[in-house]
Structures are given as structure tokens and as C-alpha cells.
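One structure is given below, represented as C-alpha cells, and several questions about it will come after.
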Amino acid sequence: MGGAWTKEFADAPDALKCNADHRTVVQAGGVTIGGGEFITMAGPCSVETERQLMETAECVVRAGARVLRGGAYKPRTSPYSFQGLGEEGLKLLALARAATGLAVVTEVMAAADAPRVAEYADILQIGSRSMENYALLEAAARTGRPILLKRGMVATVADLLRSAQCILSYGNSQIILCERGIRTFETATRNTFDVAGIAVLKEATHLPVIADPSHAAGRRSLVPALARTAVAAGADGMIVEVHPHPEQAWSDGDQSLSFAEFETMMADLVPWCELQAQFRRVAEPVA
Amino acid sequence: MGGAWTKEFADAPDALKCNADHRTVVQAGGVTIGGGEFITMAGPCSVETERQLMETAECVVRAGARVLRGGAYKPRTSPYSFQGLGEEGLKLLALARAATGLAVVTEVMAAADAPRVAEYADILQIGSRSMENYALLEAAARTGRPILLKRGMVATVADLLRSAQCILSYGNSQIILCERGIRTFETATRNTFDVAGIAVLKEATHLPVIADPSHAAGRRSLVPALARTAVAAGADGMIVEVHPHPEQAWSDGDQSLSFAEFETMMADLVPWCELQAQFRRVAEPVA
Amino acid sequence: MGGAWTKEFADAPDALKCNADHRTVVQAGGVTIGGGEFITMAGPCSVETERQLMETAECVVRAGARVLRGGAYKPRTSPYSFQGLGEEGLKLLALARAATGLAVVTEVMAAADAPRVAEYADILQIGSRSMENYALLEAAARTGRPILLKRGMVATVADLLRSAQCILSYGNSQIILCERGIRTFETATRNTFDVAGIAVLKEATHLPVIADPSHAAGRRSLVPALARTAVAAGADGMIVEVHPHPEQAWSDGDQSLSFAEFETMMADLVPWCELQAQFRRVAEPVA
Amino acid sequence: MGGAWTKEFADAPDALKCNADHRTVVQAGGVTIGGGEFITMAGPCSVETERQLMETAECVVRAGARVLRGGAYKPRTSPYSFQGLGEEGLKLLALARAATGLAVVTEVMAAADAPRVAEYADILQIGSRSMENYALLEAAARTGRPILLKRGMVATVADLLRSAQCILSYGNSQIILCERGIRTFETATRNTFDVAGIAVLKEATHLPVIADPSHAAGRRSLVPALARTAVAAGADGMIVEVHPHPEQAWSDGDQSLSFAEFETMMADLVPWCELQAQFRRVAEPVA
């Protein structure tokens, strides 16, 4: 159906256009994204301590997550805010991977850090503030690692695809797109979750698309509902913030789920994922 | 959980706040909205001809809709555009109701028209352009008919609740809220469907909340996906545009489903609604 | 230069397009708007008491205003907020006109009120919440009074012109457009003042365009700077909120100027208006 | 008056707050920004050829500009679009400075490029896409060169100040803020020029603030009007795109002024700048 978007994505790169014969399937640390299974990536906003990370990793793997998230390098929205543990954080992520079998995704903030992050992580995340940081896109792409590309707070779907095309042009086609909410006048949620954007991206491109309900909602009580809508919209997975003690988190505590909340959400989500998988098999029958 | 919203909805009216003991259930023309069943309202953007309306009504009732929509009075975004059949359109809606058993919802555009529209329709729709037309809110409320209140294109969730409170203050508590997309910089969709707004409204108030995936998407290929997300977000129903020949529709043809598309969507939606109903029963067990 | 806008305003009505030979000049209560002089409309947000209104009228006429503003009918954003004095307020406005020679502009909120408001007021204001209230546009247009049409909070410039065209189609060409800020994610100001919109409207149409710096800014300290920018953008005037005791105003106190602040602003604005008038004479020499 | 903003900028850094005793004055290549004179920075979007740049530099210095702008490194919004001449472009800028006496401002896109750009340029520009690229902010700040910090397309005024504070925290206080339009639903202009943001920044901080009317407008016919509004809002200067043959420009041709247009605008702007300077002297009398 990608052809239907001709007008809107007139300048969208041919190489990304959806077609019947090809869908990108990303392989990362033993996990397959875009292959039909709904993949959950979960973990703390920031890697804080070994204990915090290990406990979280054990919780999320038990509850069904396949990828561990955790920030080692944090955006310095204020020069006095916590900036992440850096390489020490990367080492803790690798440790948690060894202990649990989870793959690891973590954000790379600076082009110079890309090789080091790629040493430790299975997937390199480009944050929404960096979606148009072209030097960073190049550096991350050239590591050869799969890239999780978050939509900018004010980026259109077409803008997001232009950044994806940049990554592709450096020879890296292992790209996962991520919808995480856009900035609008609405203040009841941190961002406005553009769930239709997920459906548009699935129609327009052959790349896997995941959702970030935590940053979209900005508060934990909404995360499970947004996760269900992501499944219903056809997302290939999601990335969620989980913390042993959300109220004590060094960053983004309001939107982090406790272990119990995460476990409940994951259990509740199973039938939705099954239904979507069944629905997709009918809609896209294998030849 | 409504209490969690204290800060955001500090000025939200107590009378609308969610509480454990009470949920508003709207009764209209034999249909119950907000009672647990996902209610579909469907029909053409504009009532054009008897044949167009009757055929559509028969299609949508067969496919599972419970309410017939159709505009008799249209917004004159241009003075030269079609402005609706007026009372003749109302009569055709009543005829279709008699033939099919569907309840009827139609928009009232002007305070002076409210009594006449209330004679024919089971539910009076306040369009998104009219959400803050206080004279109209009063006139519609005073008819005693249930009100379908659409969120303004740039209204916050809190703004929507203020308009609901206005209706309530005129003694009418039969209010259905409707999320239909907000205006943002994104152009791949006609509006940005604020699916989180549905979840917020369900948490914050005791009123039924429905979705309008047609106006949110602006193009028919996205409507089924958005309908699924509305179910997943906990909506009590949806309102959808359907036309015998969308490409010939006098208004909103791009976003209207054909009969075949509507039937497929409705059949596909059944297991999602069942899952949501089951999920809700678990989450809100009857004492 | 209106031709340059062909693409953007492809659906803009020919009747509104700028052309070399014709500019609409609005005559209202002895005041000429769009004739080259920068016209200030000033007064309280709401008409509260005779003393409040008379004192304000005397202040603003002394300081150079030509039109008195004041709300007799207020938007009921909450059913418990002040809703205006109604006809009593209109009578006070007429009294103030008689005492000062100022023309009167006041908002009409409901179609049914239009004839009564037109009895007392020289200019009927359509508020930003009503820009797409077509029944109201018709009722106001048919009174024959000049119309001050405020841009909706989320209306594009093209949307505003469509509403102007509606008024025109009812035989009323005495239309003044008003830019008053649009809703964005920015919170440092109440709305985002789209000063470029003024320049666009002056290029694209032959209608007079004024600014509302009070509602755009939302706080009084910014009003004088925005007034200067309106002059610089080529506006034909402005509408400003002034109150004897802003901190005691029944509505919009934060953005109302005190008498002293208004007088200072008006005195400071004189050379800017002179410069703009001189600049305009050079740019548009009379044949 | 900075104190008035306490609530809105509760988290704004004290070090940036406006106070009576101190205003930052930036010195760069013999030019003083923030010292009372309205400073114009002008030149092509991209440095294309020696001839293009030299002709433009000669035009703009003759017309009154004090700083030459020109991109040597361009954002790769598409990997196939022109990405700038790189160091060759920097050398041409230095050549033009030697020939004309203009200071040079140019964008740095990647942290790794900062030292090289600082070798050639008097002011380092951080583009709107890079406002939250913290690695780049640090690298640019540490060169010691003055920084021209453009507001992100979706950044609030408070966000912009946080980025300024980051630069400050690296020991560089020579910061010029730049308002260049924000992304909204309006499509008649490329961005929505937030002229009130200039006034807010002048009230809230002691940093110089300039406008970019070219990127805000997106089309050349609006640039002179927006330049006048920037003067009226109290901006300390502006940055404008000028090209010998705008219709042949390799980038941003629609918004670039021709030489004749630039000269006319600069001549027309003189009395506005004089008026603002006079106004400012009255408003802020020297002790």
C-alpha cells in the first residue's frame, strides 16, 4: 500500500518505501525485531548502580522483555543535572546482558562516543534531540550496529524518514524507527503520542517501528493503555522505562513503572499481542 | 484513579470527576453508550439523497453499527460549499431510523436549530468548531437530548471538560465526549489523533468517551488501525464515515469507507472489542 | 504583490485578493480604519460598572484611542465565571460613546443577540472562539455593521480568509481582520503572536488588519513591545485592554494596562506610527 | 524587570537573569553586539563559489552589514543534498573578511569540526537543529569564540536558556541568542516568527538577542517587514540571507534577498533603528 503515500512522501527515499517483497528485519544480540513478534525493550531511564540495573534486568527478562534499555550518557538539559555514568554504565549494561541474556540498547549522545558505545551495546539509540544531528547519525551508522532512531519532538514523519535515509546512505540498513510523542499545546500528557504515525510508517516503509509509551505519556498510569494502542496500531515493539523505586529514580521517575506495574502490564498485554499477530497473519498471508 | 489528576485538572469540575461509584451511562434511541459495549456510529458525512442514506443505513446496521450518523447541517467553511439538506436531511435520517432501528446522531450548527434537530435526532452532535459556542451548548443542552461533544481542533482535554461542564450546568448530564484529532505541524494525517487523550478522559471523568478515526486520519486506509487503537485505549465507541461511493461523496470522501471496507473493519474489530471487554471486567470487577 | 500568494491561497476568494486599485476602508462611528492612520481601540475586557467604563473611556480618548472596546457578553469558559452585563453593558457603552465621541466595538457571542448588539455598537466583534460559528457570522453580517473578525486560536491565515469570505457572501464587505496570537507549545506568552500573519494578510488581501497585543502576550509588560511590532508589520490598528485597576479586573487582569501604562505606551507609539505612515507613503505612492 | 519572570523561568539559571547592572556585550572581529547598535549579519545560505561570496560580501558591507554569514557545513537533511564546501568554504569566508573588514559567522555542525571552524570564524553558529546537541555545545563553547545560539524549531524560550546555560557552564559567556521561528500548524510562512519571544528574552536575560527573518518567513517578500518588527521588539540585530541570484541558490533560494532587495531593506531600516535607539536611551537612561 506504500504507493498510496506517493504525494505525501514524494521526497521519501525509494530505498525505504514499503513493498510487497521486502520487510527489514533487524537482528540484534539474538533478538529479531520486525519479524512478527512484539518485542519489549525495558529498563531504567539511567543506569544508576549495579544493584539497580541487575535487579531491573532480572525483573524485565522474567516478565517477557527481550532487550534491556538504560542510559549511560544522558542529555545535559541542565549542566547540573545527572549526565550518566558513561563507560562505567556501559560495563554494567554488558554485565546485565551476561547475567540475563537480554540484548542491550543504549543512547549515544556524541559522535566521538559511538565506537565505544558500539563495543558494549547491541543497538545504538539516537535520541529525539539528536534526530537531525547528522555527524552523530554518520558515526552511529558506521559502527554497523542496528540503530534505534527516535522521532524528534517536532519532526514530521517525513523528517524522520529523511534521517533514516541518512543512516541508510552510510551503508547501515538495520534501522528501527521509534514514535515517542510530539510537542503540542496539550499539557495533560508530556507529549502527544502520535499513534497514527506508527500506522503511517508501517504503510509507507519496510522498516520496523516501535513505540515509546513512557516518554509519550510522561506518567506511569497511562503507559499500559498506550502500550495496548501501540500493539493495535501494528507496532513491532516498544521501549519502556522501569525502575525498582520510581519515586527515587535519578531521572524520569514520574513515567517509570515499578516492577509490579511492569509485570502486570506485560501479562495483560499478551492476549493483545497474540490477537495482533493473528490479525497480521490474515492480513499478510505468506505466499 | 481520578484523584491522580488533581494537579492537571485543578479547575476541572467536581461533577465530572471520575469516582468508583458512578459512571455516566447514556441512553439514546434504545442504545446504551458507556455501559461496557463498544458502540459504533456510522454513516455518511452529509445526508445527500434518500437512496444514499438508506443504502448506507442498511449496510452499517448489518455490519454491527448501532447509531446512524449523517450531517443535515454542514459547516460552511466556504459559502459556496454544500451546506446540507437541512430539515429535509433530518426527515431522511428519521426515515432510515424507522427502517433499520438505528438511533440517529446529527450535528446541530446553530442555537436556533436545536429544537428542530432534537425533534428528529436521538443524539445532538456539537462539532469541533462549535465546542466553545456557548449559546449553542446551552440550546442543545436544554433540548434534553444526549449530547455528543467533539473536542475542538486546538482544545486541551481540560478545555473539553469545561465545555462538558457548561452542558451539565444546564441540567443535561447525558454527555458523550469525542476525541477527533488535534491540529499540529504533522501533515501526513489530517489531524493528530490524541489516543492518550481518550485514556486521560477515562481516568479523569465518569463520562463515556468515543473516537472519530475518520476525521483524525483524513484518509480511509488508516481508519481501521485507528479504530483498533481506540478500542485498546478504552473508548466506549467510535463514529465513522461510510459512503456508498466515497469517491463521489459531496464532502470528506477521502476519509469515508466504502461498504466493503466498513464491513471488513467491523468484522476485524470484533475480537479486539471482546478482548477489551474481558480486560475491563478484570480491571473493574463488579462488587 | 497579492499575486505572489497564488499557490498558498489557491482557494482564497478572489473577492478578498489584494489588488492595486482597491483597498477596503471601513467607516464606523466616525472612525476610518484602513485609511492610513493607525487606529487604537481600547477599553476593559468586560464592562463592569458605569464608573469603571466612563473613567476608562475618558482615559483612552485622552491618550489617543479612537474606539472604545468592552465586553457586554463574555465567553462562558466556565458556567460559574462572569458572563457579562448583557444589554446593561451595551447601554453603558453607548453612554460612554456619547460622553467621549469614541466609536464602540463589542463582541457578539450568539446569533440571536446580533440585532441588539448592532443597535448599540458601531463595530461587532466576532471572537476567536467564534471564527467558525457560521450562524453567528451570518447574523452579524446581516446587521450591516462593520465586523471585527478575530483569528481563531488554531486557525491558519487561509482559514481566517474563509470566514471573511462568509461574511462577504452575506453582503457585508466592512470587515476588519484581527491577529491575536495562536496556540503553540510555548508557555512564556499566553499565545504566540503571529506578527508575520499581519504582513501576509496585508499582502494577500485588501482588508484592514489590526493586532490584539493584549491577548497575544497575556501579560501587560509585553504589550507595548508587541504594539510596536504591529505598527512595524503594517497593521492598520490595534485593540488593547485597559482597566482602572488591572489587579481588580473581573477578567483578563494580567494583560490589562493601567491608565498610566496605556498613556505611556500611546505617547511612545506616536513616532513609530509616523514613521510607518511615511514609509507606507513611499512604498505605495498615490498615482 | 527580569524579576517579573520568576514563575515562568523558575528553573532559568541565575547567571542569565536580567539585572540592572549588567548586560552582556559580545565582541567579535571588531564588531560589538548588544551594545546599542542594531547589527546586521548577512550573506548567502551556503558558500558556493569565491565569486558568489566576494560579490555578496561587497554588497552587504556597502549596504551596512557588519558581519558576513555563509554556511561551509550544511545540515544533510538529505544525504544527496549539498553538504557545503567544508574547510574550502571557511577559507573563502576568511578571504572575504580580509577584503571587506566584515566579521564572519558560520555554523559548526559537528563537535569534531569546532576547533577548525574557530580558526576561521569570529562567531560560531549553533543551528536550530543542534540547540540540544550537548557535545557540540561543549566543543563550541570551549573554543572561546562567541556563540550564536539559534532557538530550536520546537524549543520554548526556557529551553533556549537552558542551552545557553550549558555554554556558560563551559566558561563561555559570549552568547548571542537568535529567534528564527517555531514550527506550528500555520503554513503561509515557513515557520512562525515568535517576535514576542525576542521581547521576553530581552526582559528575562542580559544576553544580546537577534532575529533571523529569513528562516522565519521562508519567502523573501516578507523579510523586510519581519526585520522591522525585530527592530521594534528590541532585537540587537538580525541575520539575513542574501544571494547574487536567489533563484540559482544551491539552498534556501526562496528566502534569500537579491542585492537590490537587501540594499532597499537596509536603507528603509535606518530610521527604524534610529527610532529604537532613541527609544531605548529614554527607557534605559545611563546613570
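Chains here go by letter, A, B, C and D, matching the order in which they are written, and residues are numbered from 1 within each.
Here is the rule we go by: a residue touches a chain if its C-beta (ideal position, glycine included) is under 8 Å from a C-beta of that chain, and two chains touch if they have at least 3 such contacts.
Bear in mind the structure is a predicted one, so any value in this text is a computation, not a measurement.
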At minimum, the number of touching-chain hops separating subunit B from subunit D is 1
If you tally C-beta contacts across A-C and across A-D, the winner is A-D
Per the C-alpha centroid definition, the whole-Å distance linking subunit A and subunit D comes out as 35
Between subunit C and subunit D, what distance separates the C-alpha centroids? Give it in angstrom. 33
If you average the CA atoms of subunit A and of subunit C, how many Å lie between those two points? 48
Which residue numbers or ranges of subunit B touch two or more of the other chains? 154, 183-185
Given which chains touch which, is the overall layout a line, a ring, a star, complete, or other? complete
Residues of subunit B touching subunit D in their complex? 183-185
The residues of subunit A that touch subunit B in their complex are 1, 4-5, 8-9, 154, 156-158, 182, 184-189, 192-197, 199-200, 203, 216-217, 219, 221-222, 225-226, 228-229, 231-234, 268, 271-272, 275, 279
If we count contacts the way the header does, which residues on subunit A are in touch with subunit D in the complex? 11, 13, 75-80, 109-113, 129-130, 132-136, 152-154, 162, 165-166, 168-170, 183
